[in-house]
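Read through the structure below, which is laid out as structure tokens, and then see the notes.
First chain written, first letter: the chains are A, B, C and D, and each begins at residue 1.
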Amino acid sequence: MSGNSIGRLFCVTSFGESHGPAIGCVVDGCPPGLTLAAADIQAELDRRKPGTSRHVTQRREPDAVEILSGVFEGVTTGTSIALLIRNQDQRSQDYGNIAERFRPGHADYTYWQKYGVRDHRGGGRASARETAVRVAAGAIARKWLRERFGIVIRGYMAQLGEVPVPFESWDEVGRNPFFAPNAGIVPELERYMDELRKSGDSIGARINVVASGVPVGWGEPVYERLDADLASAMMGINAVKGVEIGSGFACVTQRGTEHSDELTPAGFLTNHAGGVLGGISTGQDILVSMAIKPTSSIRLDRRSIDKSGAAVVVNTHGRHDPCVGIRATPIAEAMMAIVLMDHALRHRAQCADVVTTTPRIAGLAPDGRQQPPSPRD
Amino acid sequence: MSGNSIGRLFCVTSFGESHGPAIGCVVDGCPPGLTLAAADIQAELDRRKPGTSRHVTQRREPDAVEILSGVFEGVTTGTSIALLIRNQDQRSQDYGNIAERFRPGHADYTYWQKYGVRDHRGGGRASARETAVRVAAGAIARKWLRERFGIVIRGYMAQLGEVPVPFESWDEVGRNPFFAPNAGIVPELERYMDELRKSGDSIGARINVVASGVPVGWGEPVYERLDADLASAMMGINAVKGVEIGSGFACVTQRGTEHSDELTPAGFLTNHAGGVLGGISTGQDILVSMAIKPTSSIRLDRRSIDKSGAAVVVNTHGRHDPCVGIRATPIAEAMMAIVLMDHALRHRAQCADVVTTTPRIAGLAPDGRQQPPSPRD
Amino acid sequence: MSGNSIGRLFCVTSFGESHGPAIGCVVDGCPPGLTLAAADIQAELDRRKPGTSRHVTQRREPDAVEILSGVFEGVTTGTSIALLIRNQDQRSQDYGNIAERFRPGHADYTYWQKYGVRDHRGGGRASARETAVRVAAGAIARKWLRERFGIVIRGYMAQLGEVPVPFESWDEVGRNPFFAPNAGIVPELERYMDELRKSGDSIGARINVVASGVPVGWGEPVYERLDADLASAMMGINAVKGVEIGSGFACVTQRGTEHSDELTPAGFLTNHAGGVLGGISTGQDILVSMAIKPTSSIRLDRRSIDKSGAAVVVNTHGRHDPCVGIRATPIAEAMMAIVLMDHALRHRAQCADVVTTTPRIAGLAPDGRQQPPSPRD
Amino acid sequence: MSGNSIGRLFCVTSFGESHGPAIGCVVDGCPPGLTLAAADIQAELDRRKPGTSRHVTQRREPDAVEILSGVFEGVTTGTSIALLIRNQDQRSQDYGNIAERFRPGHADYTYWQKYGVRDHRGGGRASARETAVRVAAGAIARKWLRERFGIVIRGYMAQLGEVPVPFESWDEVGRNPFFAPNAGIVPELERYMDELRKSGDSIGARINVVASGVPVGWGEPVYERLDADLASAMMGINAVKGVEIGSGFACVTQRGTEHSDELTPAGFLTNHAGGVLGGISTGQDILVSMAIKPTSSIRLDRRSIDKSGAAVVVNTHGRHDPCVGIRATPIAEAMMAIVLMDHALRHRAQCADVVTTTPRIAGLAPDGRQQPPSPRD
């Protein structure tokens, strides 16, 4: 494989370019018997799709998904599931002027030097449009994880540029275009984005994702640890430049007495580990945070070179997100789901017969009550 | 595979427990014709080995490596290379008291619940002793990368607890037990560690790794990007909780005009991307930074539970590193080497026939001169 | 992955059911720069498609292929290539009577017990219709192998039931519906099939495939040998029950003096090895032969059971090939191409730098002349 | 990976050369909780080891195995299991005369042209000595399969050169050096081999392997079918040139009414399929047959070339098996075990939740009684 697949047992193989005929994927390894309809996937795609507010790209893509295989009479059959999303709004002319030059911060130069050929229309394969595929595949994983284990995966914007977004409530996340878990801060975010858009510049963001209800024991011990696979999945999202599990970089200045989470019969007292110890889930919430760089496509002048190596000036007037982090939350959730589902299958492959009499503890909720246990695992 | 292998074409499969008979690995996919002796690997192992200063564990392990296969008359043959390191200093009795209880911050609880059985001696498979294997395998990769492409991989400690370690010179890194690139700060680091050791507590650290001379074009476009694989490799090192590429989390507050690196005929003007765009190397230095949590084995009392679920108190009096970050630099370098070598082979598998007439640019050195080009690629 | 992918570096992931909306695949790892159009693939699909003579199924499928990604301006870009074939002639009603019972010789019982659910229409995923996907993907591989290395892959029917088909000429293969390399025997094959069809029964066949021009050195040494991968690829074709390389089962009664091919400066004197020694290509023709079982769908009564375990009688009146071997030749060629291309990429990943001064020898043509060397390798 | 690993979830990575310091492997993915001692593995190695009769090589190798990891207090821990076999009887001088020339029928020429370097001592990596590793790894798989599912894997010699060996009884197989299931024929086999040895020539053989008790449902649907993986595993054994499942090549002349096995409530009436339909096990015996070529190392003169391409004469006076098929039975059994165990884990990863109310049927014993069901699955 050449980098278009993710997962060993729940394996997603992606295809498609921003302005080609279609994008899509093949999802292999899904257990049979899961009820699945296009509407299940569409609901997730609609959360990510462009054009839903003035703060994101105005490209109009219905992102209508078609299930081509692997589902019969509304139920997965255990064979490979192909998902197809036709591209609709392909104004290739927007991109003609960048065919011969390399946009700073984009993959134009690296693709060209690697492959000697590239589909330059809208970034081609390197476009963030490919992330729709991840969301579609992730929708299958999160449905299975929820129905089989009661796992809930939720993300939110934790910071927009210089503006921290304090967590208040999961309920708010779906009520604003930023995925902000805080109603009071939305006006400030809107002002921030309106000013930014006028300036022609772009900005970064921080996204957090939490998986609740993951049983203890998922993950591998040395190289394909749960945290390593999560780091790979998140760093593999377009524009991500940093990933943290649990305390993340804050652990540099932590003492062992602070960082290592104590266990009690009622549960873990803290969750600096972020729900992973030795590469294996603890039963606590899985906590991941990531940094998303500012959009590289801006309409301000930037120095660059063209294919002949000559100096040029580039600015980009297409329809772009001034902060790609705004639409990143559903993508990060989807990647979390794909990784967890893969490890769910891997775990039971090797350890289906394991039983211990040791009670399974989880984390403690902020008010001291133990988190609700998974319905079954 | 169950998480003991890394790499697709340059593939390392690791084995061994802290207090079992031996640790080691099989390195598969190494190109034939590389001159290789045990001494080449030993040199790297000696940089990581315990007992070299009062600031690290006093366990005495010569870590003598034996090459069992894949090398004939001093040259790799292209077949699998097995490396064996016998364990010497196995004071299992040190660990008897933790067989029935779970040390906070360690993988004891997760291994037990996952596997229903564990080798509790010194952490067994979860011990950082396994990282010697990574250093050994990485020594092969870095030798090939250096000889074939002129690539140089170097790491250093960038922060110890609250003490930042400003970069001054690569020359200093090998002259102190901290891998600090700064001679003047070493006395402060020593005082810091002496006080910490007296307190019985432990501390985190930040490690940076840089690869210079990597050609443009290595990496994959979507899921197994070079940055994603580096994130996985680094997050998979024991105790790592965060990984950054280039600007990392600083990009959250950066504007696009600041972050996206401009190109000129003389080279990239900055390297916020950390040498990777769209998952593919740019020809600039590859910049990775990681957070290492404080050692979980401390001799202060910590609450925990035992196998029956009952509350217990744990403290650990074995021989431990009060800051595992101190010996982490050679490990991080080795992981960088393994990932890069894997991608070197993957790249030429698919793209060996690619030629472009576009000049290859690299980064600019701080003084404005272009970085020296690779000898060949 | 769950058995819908083949190849490590040139990797084909297949999807689709016989009577679902579509079949297709994603081809990942194709080198960039290959000129490729749908017509290149269509030409191979047309060789396999049903309804071309009275001796095969009368299902009418145009098998029109659409390239959804990975090709831009007529050239492969190095990213994943998605191929889509919409199903047209889906008379599901033909199959309604077998939804609750298991057809002998088919995968009905095994799919049902494995997955607990199955798409019973026309065999669903287990239908030989899936082999169109292999032919489509194989068309890409054989085009690259031919253009890059001058490799020619050709197959033919070597036996139909009790009727051996002596090899006379490659030229004849494309001139009759049996892929018989012998014009004189075609009337006998037609009579044989006409009688068989009247009887309502079905028959087996033997197919041979030859790859010429494969350079010495492709393949792996122990487990993923070239011959092992070929055996897997061929045994994985629906209905194949036996695979031979070179002399195959004839070697059971051969002496070492007969079997092991002598080398001379002019070339190998014989090719009992079938072009593979120690898992690695010799430079001679690669010779593979396979046995294809009689079609399981016949209109004669057969005993079976239904989902409740009760005894039933099954006969199948749909549109079926009375000898699936007749259309198997293009499929076997395609599988050969996929395996060879995968090993071409794997070989240069590890061994791109190898040079020896030893002359490369090939086989000797039947008249004693050496086979023409590959244009380059 | 470069061809030294087999299996996706139960994964064996092999290393070692015939005359290097050691051979061995890492077995990854074994479920935890299996009781395992070196003696379990040694018992299987002793069945394969050389020097046990005058009909096989007189090389003396105790093949003593050491378990280096993955087992603690007599039980597998779920982490990687390393097995080490030191080479003892390394008379490298026997092989000095073939360092510069290529033995016909061996991998000498192909290794040399592929890698540009080879360990020529006794065939190096291409030596059948590597098969000891397979037997060792297979011993773990067969122990787990037997204890967990009641699966029994047994093989036997079915033909030695022109001498068919009719099956009479499993009991006889272990009582003669040929693994012949027939006491009466052993004197004839001994005479045959004595004459052959005098002649200096070698001969081929046919080996059959049967797995009983495999539950219905193991295997994958399209490319990594159970039969395809078995074909790969068997063709990957040194000297194998042909593989059959069930009826194998006999199906070429079979009618559908003969070949496709009818089902009844009491079980399948026949087993032409060899226990696999659509790539998935049926619950009947898995039947595999393979052809093993005559040993290439013979002491008769053979034409060849040397490294300069010049004509030479080669004959081989080392200690060789005149029929490598004689010791092949334990190897073939081991490969069967490895493949089955891998699919056992793969199956439960995806389909652990599947239940059907359809009774599970198996084959019928020759006397009409149904085969005993598996103890559990």
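Going forward, a residue touches a chain if its C-beta (ideal position, glycine included) is under 8 Å from a C-beta of that chain, and two chains touch if they have at least 3 such contacts.
In this text, all values refer to a predicted model and were calculated from it rather than measured experimentally.
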Inset, instruction - Compute the centre of every chain as the mean of its C-alpha atoms, then state which one is farthest from the centre of subunit B. - result: C
Inset, instruction - Pick out whichever of the two, B-C or B-D, is joined by more C-beta pairs in contact. - result: B-D
Inset, instruction - Could you give the separation in Å between the centres of subunit B and subunit C, each centre being the mean of its C-alpha atoms? - result: 45
Inset, instruction - Please compute the C-alpha centroid of subunit C, do the same for subunit D, then give the distance between them in whole Å. - result: 26
Inset, instruction - Take the average of all CA coordinates in subunit B, do the same for subunit D, and state the distance between these two points in whole angstrom. - result: 39
Inset, instruction - Hunt down the residues of subunit B that sit against at least two other chains at once, touch-wise. - result: 1-5, 8-9, 14, 29, 32-33, 78-79, 114-116, 125, 221, 346, 350-351, 354
Legend entry - For the subunit B and subunit C complex, residues of the former touching the latter: 8-9, 29-33, 78-79, 148, 221, 345-346, 348-354
Inset, instruction - Over in the complex, which subunit B residues touch subunit A? Could you list them? - result: 1-6, 8, 12, 14, 102, 104-107, 109-116, 125-126, 130, 159, 161-162, 201-206, 216-225, 227-236, 238, 241-265, 269, 272-274, 277-283, 291-298, 300, 302-305, 307-311, 346-347, 350-351, 354-361
Legend entry - Residues of subunit B touching subunit D in the complex: 1-5, 8-9, 11, 13-17, 20-26, 28-29, 32-33, 66, 68-70, 72, 75-82, 84, 114-119, 124-125
